[in-house]
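Take a look at the structures below.
What follows is chain A paired twice: with chain B in the first complex and chain C in the second.
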Partner chain A sequence: MTTDDNELKEIKKRDMKEDLTPIEKYRSTILALLFGVPVISLFLYPVFFENAGTGYFIDTFSFLFIYAAISLTLNLEIGYLGLPNFGKVAFIMVGAYTYAIVENTGWTVLGLPIWIMGLIMAGIMTGLAGVVLTLPTLRLREDYFAIVTIVGGEILRLIFNNETSLGGFSGFPVSNVIYQQREVGEKLGGVNFELEPFIFAIIIGIVSLLVFQYYQKKYAEVFEQNSTIIKYSLQKAITVSIILGIVAIYMNFTQAMFSSSIILDIFAIGFPLLLTLLKSMDEFLNGLSVNHVWMTYGGSYALVLLSFIIGLINGRGVSDISVVSWYFMLVTAILMLIIYVILQEIYYSPFGRTMRAIREDDTSAMAIGKSVFEFRLKGLVVSNFLTGIIGAIFGWLLTNVTPQTFLPQVTFLLYIMVIIGGTGNNKGVIFGAIVVQLLIQTTRRLTNLDLYYPYTDRPIHPINLALILTGVVLIVFLIYAPEGIFPEQRKHNDRYYEMLNLHRTDAEELKSNPVLNFLVKASGTSIDELTKEELYE
Partner chain B sequence: MSDESLELNADNVYKYFGGVKALQGATVAVRKGVLTSLIGPNGSGKSTFFNVITGFLESDGDNTTITFRDNDIENEQPDQIALKGMVRTFQHTRNFPKLTVLENMLISPPNQIGEKLLWWVFGKLLWQKQEASNVQKAISVLKFLEIDHVKDHLAEELSGGQQKLLAIGRLLMAQPSLLLLDEPVAGVNPTLANKIFDQIIDLKENRGIDIFLIEHNMDVVMSFSEEIYVLADGRVIAHGSPEQIQKNKRVLNAYLGENPEEA
Partner chain C sequence: MTDEITTNQTLFDRFQGQRDSNPLFYYSLILGILSLLAGLIFGMVNRIASQAFFYDIAIILLAMSIIGYTMTEHFQSLIKPGVDWFTKQYQQWKILILIAIFLIILLISYGLALITPINFLSQSYLAIILAGDLIFVSVGLTMIIRVRKFANFAHSELVIVGVYAGITFNEIMGSQGGEWYTMIFVELIVAFMGAGVVGLLSEIFVFGPLTRRNATPLSLMVASIGLGMIIRQSIQEYHGAVPRTFSPVFPNFFDNLTNIPVLNIFFQEITLLKLPGGVNLSLNRTDLWGFLIMILTIATLQYIFTNTTIGISMRATADDPELAQITGINTQRVIYFTWFISSGVTGMGALFLFKSAQIQPGSGFIQLLLIFAVVILGGFDSFKGTVVSGFIISFTMTGAIIFNSKMGERQKESELIDKMVFWSTSGDWKLVIAFAIIIVVLIFRPRGIFGLVDPKSKL
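Our next item is the complex of A and B:
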């Protein structure tokens, strides 16, 4: 056993980063600076020194956030599940086309606005497409799965290209809901969405957080709680503030767009209330008293709610089209954030954990009773549902959905983003998307660059240069840093210990809670099963 | 063949790999509360037998019956068989290398609410409680196996012996009634091997979990097993108590080759 202990000491040293050289210690930072700074400065150069229009700035970022969101969903497939889906672009295409078809036929149910119907249908159809494409292929080995998906995606693109009833070569026109919104807003006489309520909500959120941090500490002393409670509550409060900030924008949307629709307004108000309720219930179940919860969060909610009601009253008309573009950029950014939050939740949930186990060793997962097929299918459906919605919003940006947009190289670009950023690490993937997208967008603008192919007098086209550079970066990464700029953080047991600390409530207390009882019954289990503790001591 | 005392019953198991006849009608029955071992020379089909009964390979025989606690499991998928309570380890330890030891343990529990597709939408609200009790259980199993001090490390960072213990720990988390252990102490030093076996015996005695194991280490097999099956060329050539097996001529022949003077 002494050898084991020695080994352990070695491992501990490595973990404590005692023996690491500065390069190893700050690996991620160095890599991020090495690739991030040149690319971002290249991007900012025309903005500051060549007076490039704001359109350049805004559109680049809108594309960037959409690519980042899609590469996040790709990360679920390749990073969590280990499934090399090389037909990713086909799923984006299905989403964009479904939205375009819904919009052009004007088909809707329950009086939903067409764009909401389009988004829902895009998600559902793409999820289904994932099932159809993967059901026969999911039992294949990973390399064959890659071949089938790349071929399947390309076949689908060619069908869209040649079938005139599906738009054919010229595709479908799509109207940008946000641009549309500008006209609607003008008609309604100036009620429109505003950036200000969002910023206001965030600022008030942050200020109130600082106040509550103070109160949290005070309460922690009173209840002699440890620091985990404070940290946990803080996380919750930040989440709620951001969600309410988003809702602030959403409410302005609905105000402007459906000023007559009471149902949507109710939804807009009901949604944050429901979230508040769920979150406080969460706290309550974790063994904190209701008073404590409302003392600490109630104020926060009230302030943030107040802030966006003020923003709402304050709403003014927007006439400049570039301002509307800003809103679109904001929408894509929020979309990316939502996808990020969802994927992080999945990563740390038992669902995500089992997916990661299947990635590591599917035979072993099967031997312990996990249906590998089922988990792969579920993972792909979730990933493709999200991809479909992003694809539909991508359609807004494109204004015309054509098959030529969805070439296989889009998939490869997405893979480069995931690999450079760090497979399995969502933060890294977003960073990878920023680096690659800015690299491409800036390089292709360098039209007055005097570069020639070696040994010839033929000039290199900037678009080709962009692709060459991306390829070089990918190769460099695969050789020297195959785990990417931000490698997957695999050691996060602290989460489990925190969970253990927060769950010291006894079973009787849980049983007396009717709301939880209902939810637990709805999920198909019983309280006894939830609370039973089998100990091996 | 409905016998109350039978845990696992495998009749006439056949498996052919092209022209190679790996199993030719092997018949094994594991009784409740009896530590049963499967031994045999290299290439006699022991691991293939495990693979067939746990559903990883299909049996090629016509009149094969494999029952586990009177459930027919012949045509079931490995994961369904595992959920019924019969779980196995592999000859080469197969943990999830890039997951922490604690997460390795948390994969195993069956019927996790958080694994269902839609329930993570509610955040941790519904599954957190179950998860917390699983974490508690995992830590106590790791303590029982005396590897709880490494629970924050990745599985690939452990030593060989600790990996073997972790593999057993993962099985225990799956609430098994029968453990199939494929060479649990191969490549482990004798001290640790004895420790692992002490824990296996403890599982059988105190937790009522039945054990069926493949092992090459004869000292260990003869001292711990209560019933031994000997497999050679895909057939069971002998079975009985360790004493009977040690005296059996056919077993000696299978291991050492036929004695030309006797023949």
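Our next item is the complex of A and C:
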């Protein structure tokens, strides 16, 4: 190794912040535990100490996943694009209302089922609404844009509220498609947690991990780059787990091994389905990111863990869960995961890179010929299309779409989720959404506990206290850690260091070099960001 | 040049600084054409209810008068030292001319009110009173935006704090109703202090630290949303979500003063003016006192801003904080003072805004976008604009109410129109109209009527 290479390594080491103190290194984990543990224990409180029914779990989780999905799309707007869309709730409303209107009129083309037609129309109409509401205002400064969107959303809500031909005050009824597919009223009586699927999941995990390690060693002799090794060995591991997942589905259908357990359904449907999806995406895009794989593993194991907890609670003999709400929760969870994958894909694509460059400095982006307006518009259309579909599914959950559901406060809560979680970081946003939504749903539940302040007859309202706490946490985060619990990952781009032959200079000097800055921005990225494809190519 | 202008310009005009060109002309032209079109359409649809046609003329006349007013404003901006006789005359008699225009409108509208089924005069009275209340609660936000340069979404909570400060004060004093401290003049001070202290604390604990860490206006805005949530939920935790009323109480000796000829409208609870032609106009003393106190407050604010050291330091801080600091102004103290005064004024206005309404901790939030409509239309940082746009918004809202009732009459007459028109008369459309103004203004003229700051420039 030459001295130049050593120097470069040192600079990279310093830039990658490898010599951090433990607290700095595990900051996100500490903060996540600090927020997550109390909220989750508060959530579990009514179940273990009040003997509450488990139906409340399922509804809470459905809300949770839907809010997480919406805040992910909101993250596309604030985190990627830097556009503060404060009318988010209006787009959810347009989606839900479009679905409701399609369903109530029964309008469809090409013989499509009405619910598919409704979802497509919800997406398209919301995308169009995004264009109509934001097109004239995209050129405004951030805070003016925020006010226009919040007011536009409120106008839409008032029109829906006032106009009787659009449902008026009482809104439209919506039927849940999942509920139609299965018989309503079917209860999960006496379903206990079964060990077999859990063990099977663990077996698949261990086998695929072993396969991964085996191929990692094998490929280490063939390839030089570490990323290439990881990529190919992960592909092998995924293939193995897909085969095992198909076996699990087959066994579940034939009921050869297990009884017809919902838990197995989660595992057997959710897990391989996502992996297959990713596998096809992988081939399609000719590139696979580690993030997807970890998310898929993490997501499916979280589902298994969730079923473990709920099975445990269900085993206590209190079961008021209907099968359909189970399936609905499953649908929302998979929806959230799919949206996560889509957004992650956008994040590392050239489109996402340009969006982030615009967020950092729109003037430089404009200077190298990127149409800022066009990219913002495209980003908003994508985000609103997804929001519309989620809104339609939110309508399924609500069963009655009314204007009173879509108050501006919903948008504010979504913002709090995104900011606490970490703007620009999808994982953080999901975490923020889960924590805030769990806190609110749980405290709403705790209202009937009849607590009083000491020495007075003033009742304690846990929901108020939770909202006060959320506000305080938001402000504390804005002051002391504006980047949130999970900050956006910013990595350095080796290519530019080497290409410009500037790596021998000091890193600080390098970062303040105007020529380099301009060139880096001119390529549609930012100096602090690493193109992901570099890592895997 | 400056001497010439300052002789006749109002205090607020000086506060504005120099303007390149007066936008009002183009603005009012669009407004006039729009209302002309609206009037024509209104008239055409109105063939069924023929009498109401006259009301349309009133709308057109109102629009024309606004055009007239703004046209003269436009001429005024063209004035240079030693210009022609007419403009100088206008400058000298400006206020009288405006009053004359106002009187003419009043006379015409009164004449129309005689022959139209709708009591135009009392609607106008209600609109004026509403405008006064709106201006009262909005002027504080204008001050904050001017000095601190961000959109404070917690402003609506300062409004509600003003009312709940009064309620809490009465509860603590153990009021049974009718004590000396429940009188409106005491409650105004209580509301001022309560809201002022909350505003001051919000600067000390939230916005100050954020600014010191170079937060963007957007993150200040998000922080203000969080702060608003904290304040609203704290009030709800203490007082509960039960709707309450808090109407101003007047001293007993007012009843002895009802014999005074003209001023008795301020002392009688309700004065019923019977005008010729069978038109009745009932004046409420609470409304009138609210309007009076609003005028007095704004006059005091004018005085503070132009004639006192702290006011001048305030304007200096607003224009350039660093430069102000170099010249020896304690900008931190100035900012604290601004928060205290503006929040206090907002709290005072809240007592009149909610004088006849059921209030809950959440009802301040409903007023938030309306307040923003007033502030945005007037120009984000202009007092004069706030006053003018307060009237415009309130008259537009009243217009929407009248339009609504007229459409209701017509829909009863014809089922065809009921099916054709996208306007369910059972709904409440006044807020839709008021909010639509925000969007139209921000799209076509983001700096508002009188605003200085271009939203594309650095604040």
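The working rule: the second predicted complex is superposed on the first by the 322 of 537 C-alpha atoms of A that agree within 3 Å, B and C clash if a C-alpha of one lies under 4 Å from a C-alpha of the other, contacts with A are read in each partner's own complex, and residues count from 1 in each chain.
The working rule: a residue touches a chain if its C-beta (ideal position, glycine included) is under 8 Å from a C-beta of that chain, and two chains touch if they have at least 3 such contacts.
Here the structure is a predicted model, which means the values were calculated and not measured.
*Asks:* Figure out whether A:V382 sits in contact with chain B (first) or chain C (second), or with both, or with neither.
*Replies:* So A:V382 only meets chain B here.
*Asks:* Between chain B (first) and chain C (second), which does A:S349 come into contact with in this model arrangement: first, second, both, or neither?
*Replies:* Only chain B; A:S349 stays clear of chain C.
*Asks:* Is A:I159 touching anything from chain B or chain C once the two structures are fitted on A? First, second, both or neither.
*Replies:* Second partner only, chain C.
*Asks:* Given the superposition on chain A, which partner contacts more residues in chain A: chain B or chain C?
*Replies:* Of chain B and chain C, B contacts more residues of chain A.
*Asks:* Based on the superposed arrangement, let me know which partner A:S371 touches: chain B (first), chain C (second), both, or neither?
*Replies:* Touch status of A:S371: first partner only.
*Asks:* Does chain B (first) or chain C (second) touch A:D361, or do both, or does neither?
*Replies:* In the superposed model, A:D361 contacts chain B only, not chain C.
*Asks:* Which chain A residues are contacted by chain C in one complex and by chain B in the other?
*Replies:* none
*Asks:* Enumerate the contact residues on chain B facing chain A in the complex.
*Replies:* 54, 56, 77-80, 82-83, 87-88, 90, 94-100, 102-104, 106-108, 110-117, 119-120, 122-133, 135-137, 140-141, 143-144, 149-154, 157, 159, 161-162, 170-172, 174, 191-192
*Asks:* Within the complex, which stretch of chain A touches chain C?
*Replies:* The touching residues are 84, 136-137, 139-144, 146-148, 150-152, 154-155, 158-159, 161-165, 168, 409, 412, 415-416, 419, 458, 460-461, 464-465, 467-468, 470-472, 474-475, 478-479, 482.
*Asks:* Of all residues in chain C, which touch chain A in the complex?
*Replies:* Touching chain A: residues 150-151, 206, 209-210, 213, 215-219, 221-223, 225-230, 233-234, 236-238, 365, 369, 372-373, 376, 422-424, 426-429, 431-432, 435-436, 438-439, 442-443, 446, 455-456 of chain C.
*Asks:* Considering only the defined contacts, which chain A positions touch chain B in the complex?
*Replies:* 1, 3-4, 7-8, 11, 15, 278, 281-282, 285-286, 345-346, 349-351, 353-354, 356-357, 360-361, 363-372, 375, 378, 381-382, 488, 490-493, 496-497, 499-500, 502-503, 510, 519-520, 523, 525, 529-537
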